[in-house]
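I've put the structures underneath this note.
Shared between the two complexes below is chain A, which pairs with chain B and chain C, respectively.
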Partner chain A sequence: MRSESAPRSLKLAAGLGLAFLHLPILLIFVYAFTSEEKSFAWPPPGLTLKWFAVTWGRADVWAALGLSLKVAAISTLLAMLLGSLCAAAVARTRFFGRETISLLVILPIALPGVVTGIALRSAFSLADIPFSTWTIVLGHATFCVVIVYNNAVARFRRMHGSLTEASMDLGADLFQTLRFVILPNIATALVVGGMLAFALSFDEVIVTTFTAGQQQTLPIWMLEELVRPRERPVTNVVAMVVFVVTLPPILGAWLLTRGTDTVAGHGK
Partner chain B sequence: MSALSDRLWRHPRLLLALLLVPPLLWLGIIYVGSLVALLLQSFFSIDHFSGMVTRELTLATYAELLRPANIDIMIRTAVMAACVTLAAAIIAFPIALYAARYAKGPWRALFYLGIMMPLWSSYLVKVYAWKLILAKEGILTWIFSGLHLGWLLDGFLALPVVGGNSLSVSPTGTFLVFVYVWLPYMVLPIQAALERVPTSMLDASGDLGAHPAQTFAHVLLPLALPGVVAGSIFTFSLTLGDYIIPQIIGNSRLFIGQAVYQFQGVAGNIPLAAAFAVVPIVIMGIYLTLAKRMGAFDAL
Partner chain C sequence: MSAVSFASVSRHYGAVRAVDRVDLAIPEGEFFAMLGPSGSGKTTSLRLIAGFERPTSGSIRIFGEDVGALPPYKRAVNTVFQDYALFPHLNVLDNVAYGLMIKGLSRRARHAQVEAALEMVRLGGYGARKPSELSGGQRQRVALARALVMKPRVLLLDEPLGALDLKLREQMQEELKSLQRELGITFVFVTHDQGEALSMADRVAVFNDGRIMQLGTPEDVYFRPQTPFIADFVGSSNVLPVEMAQPFTGEAHPAALRPEHLQLGAGPLQGNVTGISFLGQSTRVTLETGGTRLTALVPQHHPLPAQGETVALGWAPGALHVMRSA
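Right, the complex of A and B next:
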């Protein structure tokens, strides 16, 4: 018989693994308060709130944050529209080329980001398209579609087909059925997909470096600071803020799908 | 409005077409179109005197791609990807095993969040955290000297190939950060594969007299292997295409992603960058074919 409690060595290995995943992030929180300006010295010589005030007054940080939020919002809306349309088609009907469409949707995140990035860059260069907010959005929406699609397609598959048929039999037209039967059923899946897409877009840097030109999203601002540090304490604070900002969508997505079988594909 | 509704209901194919047209147009034009542009660019060449791209089909760029210096970059990247994949699998397996078979109730939720939060939290913030950890004046050096093991760290850094001036400019540092950043991508598919192993099989193995270690080696591990392969697709592909981690943490030796970025940016040689980007596509193509034979896609 297999015993129900885990062997001690397994507990230890799993615990160490989780610690390895989490301890580095905790360090970010300490460094945001350090009074050291020139180096990454540990332990911090003193703690201060000064750098939060300095960061608050930085126009370049606000501009980068604004662009990031704008791009993430537009990309998320586009991805929610395209992803749910695609999910509706693939989940409800069998048709020729269905597998190809699933592959096509997944491809932008299955291929390395640098490939997607340079592909878009090549296309912009061939078509003489100048860089703008919209070139960033084009890239982001493309790889966000799959996030919404994955969430929506699982929900569509579980929603019984008889629901829409009953609605139509009772005299509702297609649009009423969409409004009163389909949308309420897939709403949480759409919201979850949207939140995760937003988090993904807000954080994306690899594709963005190829599609942004001279514009700075917040991740690009951070990347610049990492490659050519100017004011380390400000970077420390921004790093902490970025981490804190991406938490609510992730926790929200988890709370909304908790207890269903779509949580991380926990389908037994 | 209602006439349109009736029409769509009677012609499901028309409805299907309406649903599919927007996403297909988007992905078809923007994504597939870009991939075609990428391939096309890789068959163009650059005029080294004017720095302009010559829009004529040629294999010259691919000849340039296969120079020894560039082959070195490809081998270095592939070896790094293989090492990262192996290390990630070894660290991920116990986490996945515990989460899939032993964690109950609140522990289960905690494990789930414990894997999802690092997966979704900001990539650059994670890399930055490691820059802090690996810095010469950082916490790792402090810990080593606190344990009076400073000589061990210095000795390791003095080694050729893996060492460097400090951990943050050594290939070991690059490797550690890669493992850290891609680890959750390895845990999730292994966990999914392990959850599908029926408990009765493990019980049967035990009843038939197998030692727990034998059950692990002959029953659990083979059944979890498709999950490991599925996870390795992510870790391998992500390492192949990343250019930010080796740029921030590591020495000046290039990886494929960095080569792509530098050729398109500073050098303005988009054709060579495009040809370089074809390399990970080809490597992943081979990898995916092998993975498919091992049944990895059933574990996704």
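Right, the complex of A and C next:
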């Protein structure tokens, strides 16, 4: 393998690409401290911390944040349960229609959010289901299940089928096998799937627009807030807090999956 | 009482008869081999004993008890899996202790037994390692210790040496054999390697198409094969078709002739030499006679024919084995 360093022009291009990706995020942080509330002028005329206090005092921020956390938590739990069960069925057994089920589970993530949203909305009104937190949860679960399923199914496929047989051969019943062999082997995949599902649900806009009634999740609230002329930096403060809070789980997911390309003891 | 017995046991998958009306009795303390090509039903038979498969019909008894309805975790048998199936998230000690932990033994009691089991397979001091840090041979020993620590009355081994290289395989054959003698446990092992079956087992069952073709001592199946399939699969014997064998045997059956018993230079048949390969101890000569392919093993320092030469073929009296079941 060649190990000499890349030419300067390539380094420059890579640097510019990275800057293009990440500088806008820094810009959001800067505007959270600006003293100008109506428009985002560059450079900021002055720096202030007062928007943090304003944000803290606004009930609508807390309501939106609460709803977002609730929806993300419930959809994630639902997805972890359904996704792992579905993955177990598809990866460990053979039955008629297995490939079809597998495709149908994955399909929602390939489907544009608009289509999922419209489909769910018309289904809800056909069935006379009033819009509520639960309709949002259902909408989010469609793609959260896929995330957990994809992670779990990959892990199940790498796990030797004979492990469960070995466990039962050594006297463990089904429940003990689940607890002592299956769960420890898929735990990291489930946690990672859950973290990604949570993050996806937390910032989802499109499906939520179609499945929410009068309620606002945090991303929907932000969208509405941007068109309002007053107290604009409040949005930036919220964005910054959300960024700081969601970074650790994403990093955690990355750290957990790193180095699990090969399951220990797999090679012969 | 037999350790394991099958009474007309079948296991069908749809139209496929993986195991077809098999009768079998394995006495306690025997080293029993199930030998056959892949898809012959030997592994399914082993899984039927372990409880991973249920028979479609027939009954299976382990020490007299009908186990047809018993799940694997309620049977007094343990298995050494072909891929070892060590738990990747546990270290060697916890792998071996797994069954005892499920049984509810205290940590201290488990560890004493695990240490003894690891000593027995010469892996003392390896308890803290992860399975991924072990070589294939070491993993195999851990799998063996994990099964033996449960003190099974029957130990099942599924192609236990299949993943090891030749030298290690020969060494493990010796060790398994002496371990079985020491412990006095009934060993049932599955293999497609006839050399392995012949060298280790007290008795061999040769499987083909879901049925047992022959059951006997290694000498039986090697020297007295009952069908051309066994003559070919177990002993790599020459099979003389009926019309070729009948003039010599006087019976309307095919006959088996071991390659080392086929002599070149004098005899009633004529053969055309089609191939010569040097094997070290001896040289293998393949011949063609009247549409039948024959193999002869010529010992070292004996004269060799040339490729394409026509030579006379013969055998010592009694070397032809008539296969009356064919």
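General observations
Definition applied: the second predicted complex is superposed on the first by the 245 of 268 C-alpha atoms of A that agree within 3 Å, B and C clash if a C-alpha of one lies under 4 Å from a C-alpha of the other, contacts with A are read in each partner's own complex, and residues count from 1 in each chain.
Please note the rule applied: contacts are C-beta pairs under 8 Å (C-beta built on N, C-alpha and C of every residue); 3 or more make two chains touch, one makes a residue touch a chain.
As the structure is a prediction and not an experimental result, all values here were calculated from the model.
Using the contact criterion defined above for the overlaid structures, shared-chain residue A:H160 touches chain C, although it does not reach chain B.
In the superposition on chain A, A:L10 makes contact with chain B only, while chain C stays out of contact range. Of the two partners, chain B and chain C, it is B that touches more residues of chain A.
By the touch criterion defined above, A:M168 reaches both chain B and chain C. Judged by the touch definition given at the top, the superposed model places A:P233 against neither chain B nor chain C.
Common to the chain B and chain C contact sets on chain A are residues 168, 173, 263-266, 268. The residues of chain A lying in touch with chain B in their complex are 1-2, 4-7, 10-11, 13-14, 17-18, 20-22, 24-25, 27-28, 31, 39-43, 78, 81-83, 85-86, 88-89, 93, 95, 101, 104-105, 107-108, 110-116, 118-123, 125-127, 138, 141-142, 145, 168, 173-175, 196, 199-200, 203, 205-206, 209-210, 219, 222-223, 226-227, 235, 239-240, 242-243, 246-247, 249-251, 254, 258, 263-266, 268. Interface of chain A with chain C (complex): residues 160, 162-163, 165-173, 176, 180-181, 184-185, 263-268. Contact residues on chain C toward chain A in their complex (touch as defined above): 50-52, 71-73, 77-79, 81-83, 85-89, 98-99, 101-103, 130-132, 136, 139, 146-147, 150, 163. Residues of chain B that touch chain A in their complex: 1-2, 4-6, 8-9, 12, 15-16, 19-20, 22-24, 26-28, 30-35, 37-38, 40-41, 53, 91-92, 94-95, 97-99, 101-102, 109, 111-118, 120-133, 135, 137-139, 141-142, 180, 183-184, 188, 191-192, 195-196, 199, 202-203, 206-207, 212, 237-238, 240-244, 247-248, 256-257, 260-261, 264, 270, 273-274, 277, 280-281, 284.
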